[in-house]
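Here chain A shows up in two complexes: once beside chain B, once beside chain C.
Take a look at the complex of A and B:
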């Protein structure tokens, strides 16, 4: 069933930072939400998650920074157990090891607290938590910004593999059109709190309509910059 | 010319840099790439004289490198400034510290080149955008006209469009002024587009060092190839047919 959230909006200090917006995503669809810093991408992500969860849709969220997902006073084992319990699942070491192996964090000490792990490992732990169940939608906000390129590429490949043959849809929030264009089939562009463009990736890249989209496209590739 | 010759740096019992040799000529750009913990920041600290070399030495035109007063542009644009001071006061600090004469024309020229409106100088770091703050960081580094500029992940806090805009401004200033630039980055796309040479650091050692174009088309080591392929997979580099 298509995931639909209507009338999403947000204000901060009296200023509208997200104008009323409707988002619809098909099962298994991979959608990118791109735009400049401050355009409202993360705000829309949060509003969407809140609205969908309130309506009973299962949404897994990987926030921009592992600090937002992990409690510094709790052990990694605690976080994992909590995530399993939230999904109503019994503990399953085989499942955990499979995810840890794939994300190359099997060497991490679960007895430690988050700050006993490197940031890159924390981020991959959060991604692993998001993949425990089979959510209707996975929202990832700049999932690779804390990762080294080799690990980031491996993580995105793993994610592709995970999403194949699943009904789980992906919303990838990023400022980096180059990254999004490789991983999603549909792109939404945000500019000053509004979705200004929404198109299949191929059409978007070949014929961006709005100024914000044109700027993103023109600056997609380091080796072909406009001068 | 910057010469890093057989430099080793130790922290406690651990060796963070091992036998690192590099050169960077005036007016040229060297990108240093590698994963977290590879020793990229230690290399910058060794060049700035902030990390002591256990072996080897770093020179600029055959004199100790610190004599040329290299300048640093930092990763987190706003955190790099005193939040309570105006940007103008922070930006002018190198001039004051080096007891150099203030040169209003020079400041105007730099602001013009970096697309900084002069009235922004009277704001505080929290009152400008991240992109503007980073251009201020570059302005502060350039203000005392160092022949050698060090950039520690100068673009990683910026969005994709601002990254490319800032990279272009740095290159334009370099063309105009002629400083040598050593840029630590994890973004191979940036390195390929703007650097003359690329050095790959891994676990404190130089894995590869050579012309940027040659690296992108044909990395010499397995690890170099992994890095390059990761850049393809992340869309940071487009595969050239």
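Take a look at the complex of A and C:
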């Protein structure tokens, strides 16, 4: 069933930072949400998560940096157990190992606190944690900007592989068109709190319609990046 | 672990040596003739020069600072606190008697202080900036600003003189401990409320908290498992300093309420220039301070293992 959220909007200090917006995503679809910094991407992402969760859709969120997802005073095991409990799941070691294998973090020591793991492993742990309950939608907000390009590419490859043939849809929020172009089949462009363009990735890259999209496409050196 | 323990013990040794030397030097160089003070305390009357000379020789005042310091320190290293210059009685048993009055008072005050400050801080931080919050902050500021000697007198005036509910002087019954404990506790509560409140508000700004809410973790659990531990770190740190204020307050409060205890013991000893007694109290206070701070250091490290890079 297609995920639809209508009338998403947001204000901050009396100023509209997100105009009423509707987002629809098909099961298993990979969608990119791109735009310049401050265009309202993350705001839309947060509004979408809150609205979908209120409507009963299973939606998981991966923030920009593991620092924004993990408590430095708590062990990785604690985070995992807590995430399972939040979903009302009993501890399932088989499921955990499946996800850990998929994201190649099975060697990590769960008794350690986040800073005992490398940042790349922390971020993959956060992604694994987001996938525990097999969500309908995974929202990733600049998921690789805190990682070096090689680790970032590796992480996205593992996630790509895991999501193949699964129902979980992906919304990738990024200012990095290179990352989005390689990973998603459909791109939405945001500019000053509105989605101004929504097109399949190939068409978007070959013929951007709006000024904001053209500006993003103008800097073509992003295609050289590994991720 | 051994390295940390050795480091802590070394620090404790340096602090205690410094405290012993500083106290001795202060008493030694205080204006007036110490022998005269001791004679007055001992005999309560004017005495002849021969008696003063005798006291000087007995207390080692005629030998020079370092000799006298060493004469006091060397038995102490063997655990002997010496005898009072005034009464000739051993210092240690009297010191323990004084402690038996002071320690319960200090602990009860700290407990009451915590019992007031924790709920007050929780109420205040429920809605930061609300009138409840402002009220709690104002109350705490006033509480910090009021000195113990004044608050103690106010409480005596109200509860002992006007209302006649509680006794003001002495330490005969438990009721005698109520006003002194309140005097100390209100000061402790005031400063702890401010610290706990700001600790909670600071902990709530941790960058990872929004992600925890989006993960569907109940707000109660977030508060208990993630906000509280982060809020506890500054509170634990300050508890050690709080103890110093408490010790200081105890001296004043015991004198005001005419309670026997470490404070009265110390003040009387200072008046009489009773070196061994003063030194004993100051050293004991320093030892307590060092031990408490050591404990706090260990709690702090277990709470936040980032301190010494230990993980897991």
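Going forward, the second predicted complex is superposed on the first by the 214 of 227 C-alpha atoms of A that agree within 3 Å, B and C clash if a C-alpha of one lies under 4 Å from a C-alpha of the other, contacts with A are read in each partner's own complex, and residues count from 1 in each chain.
Here, a contact is a pair of C-beta atoms (placed from the backbone, for glycine too) under 8 Å apart; a residue touches a chain by one contact, two chains touch by 3 or more.
What you are looking at is a predicted structure, and each value in this text was computed from that prediction instead of being measured.
Novice: Applying the document's definition of touch, where does A:187 land relative to chain B and chain C: first, second, both, or neither?
Specialist: Touch partners of A:187: none, neither chain B nor chain C.
Novice: Is A:153 in contact with chain B, with chain C, with both, or with neither (first, second, both, neither)?
Specialist: first
Novice: Using the superposition on chain A described above, determine whether A:37 touches chain B (first), chain C (second), both, or neither.
Specialist: Touch status of A:37: first partner only.
Novice: Who does A:23 touch here: chain B (first), chain C (second), both, or neither?
Specialist: Touch status of A:23: no partner.
Novice: Touch check for A:113: first (chain B), second (chain C), both, or neither?
Specialist: A:113 sits against chain C, while chain B stays out of touch.
Novice: Looking at A:171 after the superposition, I want to know if it touches chain B, chain C, both of them or none. Which is it: first, second, both, neither?
Specialist: neither
Novice: Where does A:87 make contact in the superposed view: on chain B (first), on chain C (second), on both, or on neither?
Specialist: Only chain C; A:87 stays clear of chain B.
Novice: I'd like to know which partner A:49 touches here: chain B for first, chain C for second, both or neither.
Specialist: Second partner only, chain C.
Novice: Contact residues on chain A for chain C in the complex?
Specialist: Interface residues on chain A, with respect to chain C: 46, 49-50, 53, 60-61, 63, 67-75, 78, 82-83, 85-87, 109, 111-113, 115-116, 129.
Novice: For the complex, which residues does chain B have touching chain A?
Specialist: Its residues touching chain A are 35-37, 129-131, 156, 158-165, 168, 186-190, 192-193, 226-227, 229-231, 233-238, 240.
Novice: Where on chain A does chain B make contact in their complex?
Specialist: Result: residues 36-38, 118-120, 144-145, 148-154, 156-157, 175-182, 215-216, 219-225, 227 of chain A touch chain B.
Novice: For the complex, give me every residue of chain C touching chain A.
Specialist: For chain C paired with chain A, touching residues are 206-208, 210-212, 214-218, 221, 225-226, 229-230, 303-306, 311-312.
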